[in-house]
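In the two complexes below, chain A is the common chain; its partner is chain B in one and chain C in the other.
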Partner chain A sequence: MSILEYNGAAIIAMKGRDCVAIASDRRFGIQAQTVSTNFQKIFEMGPRLYIGLPGLATDVQTVHQRLQFRLNLYELRENRRIKPKTFLSMVSNLLYERRFGPYFVEPVIAGLDPKTFEPFIASMDLIGCPMVTDDFVVSGTCSEQMYGMCESVWEPNMDPQELFESISQALLNAVDRDAVSGWGGIVHIIEKDQVTTTELKGRMD
Partner chain B sequence: PSVGIKASNGVVLATEKKQKSILYDENSIHKIEMITKNVGMVYSGMGPDYRVLLRNARKLAQSYYLQYQENIPTAQIVHKIANVMQEYTQSGGVRPFGVSLLIAGWDEDEERPYLYQCDPSGAYFAWKATAMGKNFVNGKTFLEKRYSDNLELEDAVHTAILTLKESFEGQMTEDNIEIGICNKDGFRRLSPPEVKDYLASVQ
Partner chain C sequence: MEFLIGIQGKDFVLVASDTSSARSILSMKQDTDKMHRMTDNLIMLVSGESGDTVQFAEFISKNIQLYKMRNGYDLSPSAAANFTRKNLADYLRSRTPYMVNLLMAGYDKNEGPSLYFMDYLASMNKCPFAAHGYGAFFSLAILDRYYTEDVTRARAVELLTMCVEEIKRRFIINLPAFRVRIVDKDGIHELPTIKPQVSVRSIASESL
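Right after this comes the complex of A and B.
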């Protein structure tokens, strides 16, 4: 029994042309028993900044709350919206503070720079090691499946519609090969002037 | 006396560094010091108190960098320094810092210069141009006449030297004044030969 596999989760973030997408499954389960099919794992931290938190459900919620706390104070002090890159460092710092008793979450960040609107995606491990990529990032119990799917469907410079198709297919087909992920999906497509949220219809098993 | 002027593309800090005896090794101790690559400061008042604040400021700036992997914005470090100064006006067994600070910085994000003054009370103010220390009233009056919003850094240095000259007793040389500039390339204290060049265009 691994703590990171106790609740089950799947998150993907992808980069497109002047847009990013982030998607997650909706299951909240306790080992084999599914308890809820509308559990939130992606949180809005700014108008164009989202974080996905897969892993132990209690830590998903606590990390989100503590991060929101830090972010609120940052925005009040600095009187500005945080950059995705700086947010990455903030999350990394928060997780490393618990180096020897970590939060069991492996976050995924997706967003656009508040000034230049440049797309940004990144992920990190449970003790805060950041990884910034140009294509896609995945995290969760079916990460290997998601990696395989992303490698197949991703191509550079996809527009928001193509990106939506790619990320949805990647998520849906990966979670279908994982017992503890799935039971619905949710996708956010983040563009310069709007964010489109869509609920995915998938296998409820 | 210290002077600070904000130009369109940078900030200049200038100060007089009169020593009590010719035996002093002038180039060992500096009044103008860097806090981070993008922020520097100068003081008027007690040197030892300044050193403590400088050390504190550098540590605070680095803590910020450790957390955010980003250089601290000027307004933030000024706020933190001012907070320290305020604490010493409300705690037991300590006395307020005997210095006023001029802090000059360049913000990468907004691509603009900043000039702030910090007082022993912990109050801070953003300035376009200001003078501190001896004859600061005359200095400020002089600046009020000479300042314009579209001053460039080169002109600002020239004006700063002239402002210092107003209250200077004796001959101004590259060894008894200090000049620091802060622009998009960061904060830098001018070397004596560089100061000498600016002085040449004034004398």
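Right after this comes the complex of A and C.
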């Protein structure tokens, strides 16, 4: 039993035309037992910048809090919103600092540049190795299933409605093949002028 | 082998814990109180490594009292829970981690009632009902079926009794008594200890 599978999670981020989407499941469980179905794994770090944190639940909360602290100091010093690419480096640095005693989270970042509104998605392993892609990123206990689903439903230049459908179907069907993730879903569609948050109705098992 | 449970109602939180202290095969004490008072409207239930439980609970309790002395007012339940989580998380990666599972139940005049579940790894979640221990495997399903958000005090005690009777019937370890308390705007009140009596169900067997 791997420590990354102790709580169970599933996160996907996808790029569309002038928009990005990020989705996660909502389960908080301890191995086989489900404790609650409203656990937050995606956190808003800026008006158009979101980070998804799958992995060990305690580290999800600790990394979010430590990251929020660093981001607050950055914004106070620089007097501006952080760019997604810079934020990627900030998260990578936070994780690599713990190279030999890591936080058990494998983050996924999705956002739009604060000035140019260019879409950006990236993911990282638990020691901070960044990976920036043009299509989609997945992370969690059912990553193989999510890769398969995303490869099937993703197309380039989808508009926000199509993107919402794709990411929702990818998430719901992937978590249905994993015992420790699922129990509901939440999707954020991030566009230039608005962020739409939708709760998904899925199998509660 | 220990059991903690909490059920949140509209304006109260009902909490209960078993009362036995055991080591290996020996039950040393049958009237243990696993609940610790943090403030007038906040209570913490602890289970886990013996020693760590009381040490950690008292450490948090005294720090919460210190906040009140310094600032003149109590920490809210959510602030207290987050403070507890931070301490547990900080100690987790030290040489001396606390192996404590806990529930925090409180009432705040602005936030209303709240129940926080925290496991020994310091993952925290605010829940309408929660339980720790093997007894949770029996209780949570019952509460999923019968719990409603506007549960009254009497109904909450009924639900608690249902859970506790199921544990008495089906859990291999005997947990004879459960201490029950309720937290609401008027403070922490003790309710009668529940000692479940479960009649033996048997089907008539054919005589030999």
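The definition used in the following text is that the second predicted complex is superposed on the first by the 205 of 205 C-alpha atoms of A that agree within 3 Å, B and C clash if a C-alpha of one lies under 4 Å from a C-alpha of the other, contacts with A are read in each partner's own complex, and residues count from 1 in each chain.
Note that a residue touches a chain if its C-beta (ideal position, glycine included) is under 8 Å from a C-beta of that chain, and two chains touch if they have at least 3 such contacts.
Quick caveat, the model's predicted, so the values are computed rather than measured.
Counting residues of chain A touched by each partner, chain B versus chain C, the larger count belongs to C. Residue contacts after overlaying the shared chain place A:S89 against chain B, while chain C stays out of touching range. In the superposition on chain A, no contact is made by A:S152 with either chain B or chain C.
By the touch criterion defined above, A:K115 lies against chain B but remains apart from chain C after alignment on the C-alpha atoms of chain A. Judged by the touch definition given at the top, the superposed model places A:T197 against neither chain B nor chain C. Applying the stated contact rule after C-alpha superposition, one finds that A:R77 touches chain B and leaves chain C untouched. Of the two partner chains, chain C is the only one that A:N7 touches; chain B does not reach it. Residue overlap on chain A between its contacts with chain B in one complex and with chain C in the other: absent. On the side of chain A, the complex with chain C involves touching residues 7, 28, 30, 33, 35-36, 38-39, 56-58, 60-62, 65, 101. Those residues of chain B lying in contact with chain A across their complex are 66-70, 73, 76, 79, 109.
Contacts from chain C toward chain A in the complex involve residues 85-86, 89, 92-93, 117, 119, 121-125, 127, 130, 136-137, 140. Contacts from chain A toward chain B in the complex involve residues 77-78, 80, 83, 85-86, 89-90, 93, 115.
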